[in-house]
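Consider the two complexes below, in which chain A is the common component and chain B and chain C are the respective partners.
After this line comes the complex of A and B, so read on.
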């Protein structure tokens, strides 16, 4: 239930976020904020299905498709990102259905589902790298600078515009999260994550419900990839796709808190800060260290703080809130999916 | 209302259900008994779509439902409970039942689902409070929740799977009365699978006995309880106990 007070708090917080770039103009800090917002949206997209025990390591693939399809259509065919982004999203959605349908229909769950999606990440990365004549391979890819209007090309030079776009996309993700959270679909998905047969006996079309949330999650992740590409104007297979990106999503969502709407956002603050600290502190000597840190922290969190930082904090603050005991078992759910 | 003919289920080389045929009439309570492994639950799983039959036909209200996916069978008007209660512990009691009310009735509206949840919870005697957690329920409460979930799907036919296991005598009597009330007040036809013969015999209109996947007897409770084949196979190892149980059942059926 969202009370008046909470709604007011959200409104004040949002107003402050919108006003921020007009008051505080440090370009580096704004850049960090834009990155945090875009990645928050990606992590939120992942958590849409992740919170229901559908642990996907394939989301790097969806993100890469969103980014590369948009950029390729622009460079090769001159199609505006306004057309390219929906096409990229549809492509990612189609792939999600192609991989998801057989998994859900034949009850590939738990570890096996994770492995199938892991393969998806790897395949997308390989395809981008292998088609280097078009995508530039591992050296990366840059969308052509727009000659005409900036709006048509979705290319903007000033950070304030990007900050507002990223804020809008992030807010969209949070709204969708709440929409799912309050829908009957959440009941169905919680039920499915516990016991598929019992959910089916309650009348739930298990395959269809899982497909729907997977599709939603993939579409949003592809959008995140495309926005990231338009903002950075430079993408490489490793920064928008592949297993490392997928793992980073899992890490951020779990560390922030899977079961609260701002958990993935909190996770993004941590991952981006960590990556920046390592980059500034150690420079090129620390390339890839962030992934190592993610891995170690992920294990520690799953064992000691399964609800994530924000989730645990909120529980602390509101001891009277009824928390289903099963949530405490979540560590087991994620560490050993399907058990 | 339900017409099952030539139902067969094989798991590899093992035949769990062998050529079973039976009918259920509108408004009756059919008891389904048999020793462990006799195929009762397998028949239930085929009727509710959890398992697809190897062969045979299941006509429900005149249309073939054998092999349909469970959610379609539930939506066509068959509700089921599980032998071991399977509540969704991440949802509240109310949400458990509202979920069944929403998806079990073809996803009409949330308001209608919540109404169905309130009615079903009241029917089985659970609190309709929206925040009560499943963790607070004991064995009897979980059985009631299981029944409320099935009722919320607005079934015409209810498949009740061994609903009394793990209850004490008083709770057993209450549960049996509840099944009869469900039939009397809501007009729901019931197939009831049960180990505990005595209580079952008191409530059902007709009994069907299974052994090794085959139907060995069918008829009125008093007749079946006296059937030597039933006495022989049902809990067969200890003839004295079985006969005592059968006699008790006969007495109860006679009183009624």
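After this line comes the complex of A and C, so read on.
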């Protein structure tokens, strides 16, 4: 159970976040905050799987599906995002099940799983590029401006509305994270990540448990993609899908800390601030530099600080906490293939 | 012969043969990745980016320093081999005892580094070697000379690796380590040295692939993304670490891409290949040549 003190801290923090845009209205800073919140939600969705050793590089694909399905339905059929977003989420979920089922049923873990999901995000990118007559290909895609009510089209001009929407979505992600954290599924998945065969012998339905968390994660990631699309009003295959986006999710979640609820959020703050600082500091000369710094940091973090910044900080604050479980000792522990 | 050719659609045959030619280079790429996986148990996510660096090396050696293609190729192979060894020494070696996923993600970081290094250093322009090789006409079919050359060079490269693995002491040690990594250290084999050599060979194969691909494709910092995923698919379909499986899978995929491209855009060939891959995952999850449990 959450302690009374922590609950109070969450309530105060949340109240401050809600009140922020009414006190401080600088549009640029609000824009950065909205981006941080949306990406935090995407990273949190990824970490729901990642923390149990299910390292997916296919989430770029799920995010792209969410974004493109929503935008395509709006432009071509005139369907409101209120209908389009659920359809996009269902499409991403269906793809997750189609790819996930054989992987889990036939015990494809470790390298295999990563490579299969990696191919998934690469292929979603290819499909979006190939259907360029509809999606605009690599030039990007813009949802049509709404003629009627803004609410129906889910298009808002002011940053405050978007800030509150993004905050709500982000909070939803954190709540789901805690819900999973306190559910029985968590123990089942932790058992699976330590030893699949032992977990199966103890009566855990390995395939079903893995599929459930994969589905949940894919649905949330697609939602993040759709929200990102509605906010930015411009998407390209490279910004919402593909391997780079997938790796970006992994990177942020690991830098922030994979095993704490605010870790991915912390990762999003660091990565987006870094990119913006470089962009403002160096202007167009900085093209590519942010990824260079990301890459070096990712390698260094995995070697020297596998629990992430926030995870390591929390450990240092209360070292007497509890004996860490085997799967928490490393950044991402996974059942080794073949064992 | 002419009657035989008339029966089949001439374009279909051309696509089939082009598929085989493409398969050679894909098989070479898969071989390098499989070698590293089989011996060190690490997947280099950044493998295609090593190829990209090699392609830039070729471009600069040939275009800026005016070195002839055949002199530049060995230099490039050497450079990428050194890069491969450096990658192992700097990134993989400190993580050898960490969970395998951490090693994989660390090479994902290297992917970012190489891509953005190329962006920063060379810009995002598309560059090509400017060597235009003739087109071979055979009957009514046209084949690019560059593809034929790549196919042959890829075959030579693979045979060379095969001979090295079977005929030399170091090669035998590499194969032994891939069978049992703990016991070989007790048998007096310096595993660190073998790992470094394997990484260098894997890098060298990436370098060779770069020399061949640069004849057919333009270089840009993200070129790795266009054939990286397909290489991983091939390795998984063939069974990671399974050389023969990877070899066969490379040709299967190349045919699918080539034939798919015949009927529609090239991207749809890739999409078709992926659909095939998913179906195969249901049928043979552990790779083409795996025995069914």
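We take it that the second predicted complex is superposed on the first by the 323 of 339 C-alpha atoms of A that agree within 3 Å, B and C clash if a C-alpha of one lies under 4 Å from a C-alpha of the other, contacts with A are read in each partner's own complex, and residues count from 1 in each chain.
Going forward, a residue touches a chain if its C-beta (ideal position, glycine included) is under 8 Å from a C-beta of that chain, and two chains touch if they have at least 3 such contacts.
Values in this document were obtained by computation on a predicted structure and should not be read as measured data.
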item: Residue contacts on chain A - larger count, chain B or chain C; value: C
item: First (chain B), second (chain C), both or neither touched by A:98; value: second
item: Touching partner for A:45 - first (chain B), second (chain C), both, neither; value: neither
item: Which superposed partner A:289 touches (first chain B, second chain C, both, neither); value: second
item: Partner chain(s) touched by A:126 [first = chain B, second = chain C, both, neither]; value: second
item: Partner chain in contact with A:55 - chain B first, chain C second, else both or neither; value: second
item: First (chain B), second (chain C), both or neither touched by A:201; value: first
item: Which superposed partner A:271 touches (first chain B, second chain C, both, neither); value: neither
item: Chain C contact footprint on chain A (complex, rising order); value: 53, 55, 57, 98-99, 102-103, 105-108, 110-112, 114-116, 118-120, 122-123, 125-127, 129-130, 242-244, 247, 250-251, 254, 287-292, 294-299, 302-303, 306, 330-334, 336-337
item: Chain A - residues contacting chain B, complex; value: 184, 187-188, 190-191, 193-195, 197-206, 322, 324-327
item: Complex contact set, residues of chain C against chain A; value: 37, 43, 45, 91, 94-95, 98-102, 104-106, 108-117, 119-120, 124, 221, 225, 228-230, 232-233, 235-236, 240, 265, 267-268, 270-271, 274, 277-278, 281-282, 285-286
item: Chain A-facing residues of chain B, complex; value: 48-50, 69-71, 74-75, 80, 82, 86-92, 95-96, 98-100, 102-107, 110, 113, 131, 133-135, 149-150, 153
